[in-house]
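Below is a structure I'd like to ask you about.
Order of writing sets the chain letters: A, B, C and D. Residues in each chain are counted from 1.
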């Protein structure tokens, strides 16, 4: 394919990824409100549209039309940059998900590492947003979120190393191909476990949502944000959840491979299953305390991931 | 697979451009439509209804910095493991031993940080 | 110029502007953000130079790690200051010396006949991994040792200060 | 030619980094400048990797190690800066003159 076409394709798929994340956020927010309502024996939103189906659409209109308030003492540039630096990397990480036709993203030689590296830029955005707001809640929320994010990044990456080891490649397409008929969740159950739990922490989901613990920090780093800038943080959270689930499906559940249905459908089904599990967890488990959270990352998951890596390497060698 | 570097960059540039431009344009366009009524009280920092008790520019918990510090070291070690992971399958017992020695160094760093108490929240 | 060179120059321009802003601005926060932009542009240059692994490592370690560490340090040492500032001192002297260094390097670069770039390896990532486990084994193990040493050093400095 | 372009860019960035190191007094700004210098060096390593035995990847291996060293340097350097800040209440390198007679 000629370069201008590649560029145009990139533009198109970028727009598609953004739209997809937006639509997905709308669906997931509604689903989450309905699922949580069911779990907690309520009915959830009912007024806008049949059974409240159009509630999120109304919310979106409200958000883009809402006044954009900036605290007087905030650092104007960093305050504006923060939400963008949180949302953009989260969506950029979708550029290497092998959805299959018609959503062929890019197969980079280093795709797996790209997926782990790019969302890491989010931390910079969190710190900027929290610091720029000139507000105690935002400041502490930004610090906590970033400390949590970086702590869980290490065991998460170490769990993915085992997948790369087995697949012998850093390309996402190769990883899917290498799984063949046996998905890695069967060969590397511990890696999958570590990946799943640490991913929840990375996207700030319950039980790891201490940075946004309403009872202590109001809304964490986005306390001072309103309107569309606030929506960007929200979008980033769901983009992160979607990307982490899609990668869980690619790395451990065989990606788009499956009988009868086309790959893109299989991948979305597997992703959806992982997203559902995260919602289930959200409304079932209580929140961790900050110290428990950090202890879990460094004193449980990191040693566990190292042991897992060594055992996986030994077993792979012995079998080969 | 070589020779795709240029088109990879071109694709990612297009992708990034779309992902950056869409929110920025949305912000600008709706910036013209949405209300804008600045007011001194509205621009105060939110502190649950009270006036701001302390300024948010103060020394904080050193623990945050300790985590960041240990993080960056382990990050580099993880990336080096990523560099050797794809060839580990064909590297034989010797290659495995070499990587094991490296992992031992990683474990040693972890043990030191653990003993120093850098990995707990105080 | 072909597309590759155009892109290389464009990324280079962003990198130079980011670096200039980072060393010239008085606001420490903006200096660090400009450094982040600079580092991202350099990652693009690495990718164009057929070093995709290095490019991703650059984003991972520099933007996601070192810049974050610098922001933490900035915030820890900013007590009471709304916008921490840092002055530029003796700019004339610095400019003259930097100009001399740069001119010397450029003269050396342009007066040397460089061999043409060889073909990029077919399996670049595999070659990198094999190099680390083969010919470059010592640097690989040594960096593990250096990282261990820096954990010990940095934690000792931080802990020693606390008592 | 890509190699010359890379070396030119590297020389310019190196000079900018040197300017920063010479003119900045704040320790964090100094570290920012040093990172610019380190990156200029890394560009050279990556560019040379393509002209001397591309198959051996020597340049890229050392670029990787250089990034690792930069991370160590930032970790230890910033720990020092914070220790100094807690002792002297400033990150300005000129205020630390206890050894001056």
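Some observations on this one:
The criterion applied here is as follows: contacts are C-beta pairs under 8 Å (C-beta built on N, C-alpha and C of every residue); 3 or more make two chains touch, one makes a residue touch a chain.
All figures in this text were calculated on a predicted structure; none of them were measured in a lab.
More C-beta pairs in contact connect the chains of A-C than those of the other pair, out of A-C and B-D. Distance from chain A peaks, on a Cα-centroid basis, for D.
At the centre of the protein atoms shown, by the Cα-centroid criterion, sits B.
For the pair chain A and chain C, the distance between mean C-alpha positions equals 28 Å.
Separating the centre of chain B from that of chain D, both taken as means of CA atoms, is a distance of 20 Å. Put simply, the C-alpha centre of chain A and that of chain B have 13 angstrom between them.
Spacing of chain B relative to chain C, judged by their CA centroids, is 16 angstrom.
For chain D, residues that reach two or more other chains under the stated contact definition are 64, 67-68, 71-72, 74-75, 78-79, 82.
Contact with two or more other chains is made by residues 3, 73, 108-109, 113, 134, 139, 143, 150, 153, 169-170 of chain A.
In chain C, the residues that touch at least two other chains are 3-4, 48, 50, 52-53, 57, 60-61, 64-66, 68-69, 72-73, 75-77, 82, 119-121, 124-125, 128, 132, 140, 143, 147, 150-151, 154-155, 158.
The set of touching chain pairs reads A-B, A-C, B-C, B-D, C-D, using the touch definition from the header.
By the touch criterion given at the top, residues 64, 67-68, 71-72, 74-75, 78-79, 82 of chain D touch chain B in their complex. Looking at the complex, you find that chain B touches chain C at residues 1-3, 5-6, 8-10, 13, 55, 57-60, 62, 64-66, 68-73, 75-77, 79-80, 83-88, 91, 95, 98-99, 101-102, 105-106, 108-109, 112-113, 116, 118. Residues 1, 4, 6-8, 10-20, 22-24, 26-27, 30-31, 33-37, 40, 42-48, 52-57, 60-61, 63-64, 67-68, 70-71, 74-75, 78-79, 81-82, 85-90, 93, 96, 99-100, 103, 106-107, 110, 113-114, 119-122 of chain B are the ones touching chain A in the complex. For chain A in complex with chain C, the touching residues are 3, 73, 75, 77-78, 81, 108-110, 113-114, 116-118, 120-121, 123-124, 127-128, 131, 134, 139, 143, 146, 150, 153, 169-170.
On the chain C side of its complex with chain B, the touching residues are 3-4, 7, 44, 47-48, 50, 52-53, 57, 60-61, 64-66, 68-69, 72-73, 75-82, 119-126, 128-130, 132-133, 137, 140-141, 143-145, 147-148, 150-152, 154-156, 158-159, 162.
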